[in-house]
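Next come the structures, one after another.
Presented sequentially are two complexes of subunit A, the first with subunit B as partner and the second with subunit C.
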Partner chain A sequence: MWKSTLRRFLIAIPQLLAVSLVVFALAQFLPGDPLQGLIVEDGTLDPERVHEMRVAAGLYDPVWQRYFTWIGNMLRGDFGRSLNWRRPVIELVGERLSNSMLLSGLTLIMVYTVAVPLGLIAGRYKGRVAEKVISFWNFIQMSFPTIIFAVILLWVFAIILQWFPISGSRNALLVHQSWWVVFRDRIHHAMLPAIAGAALAGVAIVQFLSNEVNDQKNLEYTTTALGKGVPLNKVYTRHIFRNSLLPIASGLGSAIVGIFGSGVIIENLFTFRGMGNLFVTGLNNQDWPVVNFLVMFYGALTIIGFLISDIMLTIFDPRIRIK
Partner chain B sequence: MDNDNAKNFGLETGTIIDEKEFKRQNRIPSMMELIWKEIRRDPFAIFSVLMFITLVVIAFVWGNLIDEAAVSRIAPRQINLSPAAFGSLGTDESGRPMLQMLIISFRNSMQLSFMVTVPIIIIGTFTGLFIGYYGGYIDLVVLRIIDTIIMVPNLMVIAFLSMWLNNWGVREFAMTMVLMGWFGGARGLRARVLQEAAKDYVLASKTLGTPNIVIIFKKIFPNVLSFIMVSGILTLASMIGFEAGLTAIGFGLPFGVPSIGRLISLGMNPIVLANRQWQWVPAVLLIFFMSISILGIGTAVSRAVNPRQRR
Partner chain C sequence: MEEKLVSINDLRVSFKTVDDYHAAVDGVSLDIMKNETLAIVGESGCGKSAMALSFLRLHDMSFTRIEGEINFVDKNLVGLPDKDMYKVRGGEIGMIYQDPLMSLNPLHRIGQQLEEGLTYHKKGMSAADRKAHAIKLMHDVEIPNPELTYNSFPYELSGGMRQRIIIAMALSCEPALLIADEPTTALDVTIQAGILDLMRNLQTKTGSSIMLITHDLGVVAEMADRVAVMYAGQIVETADVQTLFANPLHPYTRSLFASTPRGSNIGGRLSTIQGAVPTLINLPRQGCRFAPRIPWIKDEEHESDPILREVEDGHFVRCTCHKNFHFQEG
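And now, the complex of A and B:
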């Protein structure tokens, strides 16, 4: 197991390097440079001074040298400064990361507490009313593109019922309050985007589990257990559900990756101030240090997430370990 | 009529029946026949097909009959009129009639979805077939490339290209979506072809000296066609939503092009959301019915090609 994990890890490194190359190259081809905003803003700036600043920022260095400087800085933990906010990238990301993690956590909880039971029920009662209702709902949900779902959620829960705030990620007026009040407020703000994300991620899980449980029903071990006289409920909870849930449990890593990825669109639809929002704002402002860092962050997250999934699968499923 | 089987084999009458007649009776039904049979059996699938045809006709016939220049003229005197005040579906924030704008937007979105989906299917099919069949180094290299491209976010490529290219129009956007969208299907197909290439009939064909190209297109392709069809239908359904999502956060179609995504992104504005439902509800319903009809057809097709799912 350790060998295969190590090998996957070693494969991941050139992959990340390739991504960094692509990202760096993309940023290079764009018109303008990091200092341009400054110059346009302040027309009185002396051209000599601009030249000096460019030299100081290393903008006249050869491309490869700039690339290695960038990579080297990143490895040392120096991720540059945001051009738009004029602050270190790591500070900005740190602020957003907690929001994004809260949102992803809520989404994950919703996915696993709602979608998993629904899938199990649909699989167990195939052909009955319960399964038909769940399948129908799942189909409807699948037909809603995320944005439509977001619009409807906003309309129903934020405008008609006014249960949740329409945008933002926290109430700025809550200062000098206990941490619990602040935390509750943040959860309150994250609720709607989390529901949208959970709906998006849950559809596949419900469908997968429903098919999986239904398939397991006819396998030999089920027949054996039933033949031995194990009660039907026990057969489901002890055998079928366990086997069907294996891929879901080990899919945790890739689920996190998926939720972070879908956050880019969802956070912007709900103006939730997380990393996805930061990414889009960065793109709109041509804030390349921020964008580059986030791309590398998402890339590393993807690799680590899938790695975790693989490792968990080998832990849960002895068959893979033996191979 | 007596026993059909016996008659087919000419056992009953003692004569060998006509070869053509034999083939006609024992023919394996083609994919299209299976799909049609499955659709005919399921009322929801029939409903989906009819709805899909209606919507496509609305988009491409009605949409092209509308005089776009006249409709999209800004009319300051009739801004934001409700359906009650204006008739039909009311007017938008520039005073243009909503109904006509909706149809034009729908046509543009549909056109874009087809423009993106068709090349994705073609490229995905070729790549999937070749890397799945030849395997080895080609497979390894192409997969690594795909893995790397997947990690570069779509948004970044779109942002980059829209700044880099001078005229960012519908065609450029569609090309970017194709560029960033082909590998999902190719990857799935590769896995299917890999399974298929390990089967005995492929080995038999190879032994008999059939050229690789012939094996790929005449032997393997028909067997994975079902997979291609289902994934193509799902791509089409997701493209409509994808366009809407990207346009809503500012990385979709250029600003002047009316599209469903544009209408919905205007609806995301809290004031419009709360007070002017006529400006976004029709667009939401249209997308919803479009995806329901496509997915309805998709489930029927996947049932037809996958015997395990058949009822």
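And now, the complex of A and C:
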């Protein structure tokens, strides 16, 4: 098992390099450069001076040289400065990361505690009332654009009922409070976006699991288990559910990636100060250092997520282990 | 002298298709004696497996109806409450399945699967006892290295080994009846012989009865004491194995024999049976059900309502069409 894990780790390195190449190439195709923004903003800069600054910034260097400078800087922990905020990118991301992680974690918990049981029930009672209700609900959620769903959530729970704040990620007035009060306030803010994100991510899990359980229960080994005298409920919990959950458990890595990525939409709908929100703001302001970093970050996250999935799969499914 | 273990009485197993229930097993009456091997023979789709699974009610009961009686020892398995059925399954009746790979849970270790039945039927057993019993079972079915296999997963074993595990599983609680549903169909011919030998030896040792479902007359000759030939949900002929092989009477039985390669017709042309077993919905429910597949036999030869008649001691045949039956010329 360690062998296959190590192998997947080594494969991740060239994958990350490939992502960096794509990000760098895309940045080359974009019009303008970091200094153009300054010219437009000021309008007073002398073109000669700008030329000097460009030379100093290495913008006239050969492409490969700039690429390696960029990679080298990143490896040393220098991710550049935001043009918009005039601060190191890493600082901006640092502020947002904990918010995004909290939101993703909360979403993930909701997906696994709600969608998984619903999927199992729908699969077991295929064709019965329970399954029809769940499938109908799932169908509605699937056909609803997240944007509309988010607006409805805000309207009902933030405006009419006023159970949750309408936007933001924390109450700035809570300064000298215990960590518990602060934490509770942040959960409170993350709740609605998490529900919207969970609805988005949960649909696929309910559908997938329901089909998987329905497939598994028609396989011969369930007849064998029944024929041994195992009671029906135990056949479900010990055999069918366990085997159906395998792809879900091993899909944890990619689920994290999906949820983190969906933050780009969700966080903006709820003006939640996370990475996704930073990404869209960065794009709007043509803040390329921020955008480049975040694309790189999401790329790395995807690779790591799938790495986690692969490792989980070798743990859960004995057939995959490489001897 | 012989004691009945099972007495099936007018068993009817129906499946719901689009509109209605259709009987796949249509009024079967049979006895299985103690320590006897009864073979049920017939083509695919003639109701053999449907009958076998109805013993333990292993069908999806949301579209299956079982009627009649299956008297097993002291109870009627048809209509037996679920709670009691759990005790029969694996405890009093063991089942051997057709596909040894699909019939094992791919994600459970062999030992775990062997012990599972014990945890429900032998509640007093400790974990150590169960393990010892599982290893002994693997010895009995001649698994070369039981201690190692105990921790293996199904995919690590060959097809023959897996089938031995299934047999060990079926035997784990010393059932009085073993139902083997095409136990060798999925195996290589060389492996088949070994599995059949094993089943015969185990039967001599344990004294259990076997109901063997097969379409392979070679397997029947090797294993069975008595044979019931099934066609379109009905028994068309029963006899002990010597009688049936020496003097097959029903046209269906004779056609089956004629289409099996044997030493006696080397170099000759192997005959086939026209057409196929009718599907459940199109099953003729009146008259001789085999008549459409022997169209050269005149209608007068068939009975309008064919019944099983004893033609000699212990040899039953359905319908009168066997009397003047001949194979088609040319």
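Some points to look at:
Everything below uses one rule, namely that the second predicted complex is superposed on the first by the 281 of 323 C-alpha atoms of A that agree within 3 Å, B and C clash if a C-alpha of one lies under 4 Å from a C-alpha of the other, contacts with A are read in each partner's own complex, and residues count from 1 in each chain.
Going forward, a residue touches a chain if its C-beta (ideal position, glycine included) is under 8 Å from a C-beta of that chain, and two chains touch if they have at least 3 such contacts.
This one's a predicted model, so the numbers in the text were calculated from it and none came from an experiment.
Once the complexes are laid over each other on subunit A, subunit B and subunit C both fit without any clash. Put subunit B and subunit C next to each other and count what each touches on subunit A; the higher total goes to B.
After overlaying the two complexes on the shared chain, residue contacts for A:Glu220 are found with subunit C alone; subunit B is out of touch.
In the superposed model, A:Val23 lies in contact with subunit B only, and not with subunit C. Looking at the shared chain after the overlay, A:Leu246 reaches subunit C, while subunit B stays out of its contact range.
When the shared chain is aligned, subunit C comes close enough to touch A:Asp317, but subunit B does not.
The three-chain arrangement built by superposing both structures on chain A places subunit B and subunit C 70° apart around the Cα centre of subunit A, to the nearest 10.
Of the two partner chains placed around the shared chain by superposition, subunit B is the only one that A:Ile148 touches, whereas subunit C remains out of contact. Residue contacts after overlaying the shared chain place A:Ile265 against subunit B, while subunit C stays out of touching range. When both complexes are overlaid on chain A, the residue A:Pro231 reaches subunit C alone and has no touch with subunit B.
After superposing the two complexes on their shared chain, the closest approach between C-alpha atoms of subunit B and subunit C is 9 Å. Those residues of subunit B whose C-beta lies close enough to touch subunit A in the complex are 144, 147-153, 155-157, 159-160, 163-164, 237-238, 240-242, 244-246, 248-251, 261, 264, 267-268, 270, 273-274, 280, 284, 287-288, 291-292, 295, 299.
Subunit C makes touch with subunit A in their complex at residues 53, 56, 58, 62, 82, 86-91, 94-95, 97, 99, 102-108, 116-117, 120-121, 153, 155, 166, 169, 172-173. Of all the residues in subunit A, the ones that touch subunit C in their complex are 127, 219-221, 223-232, 239, 242-243, 246, 317-319.
If you check the complex, the residues on subunit A that touch subunit B are 15, 18-19, 22-23, 26-27, 29-31, 139-140, 142-148, 150-152, 154-155, 158-159, 166-167, 264-265, 268-269, 279-280, 283-284, 286, 291, 295, 298-299, 302.
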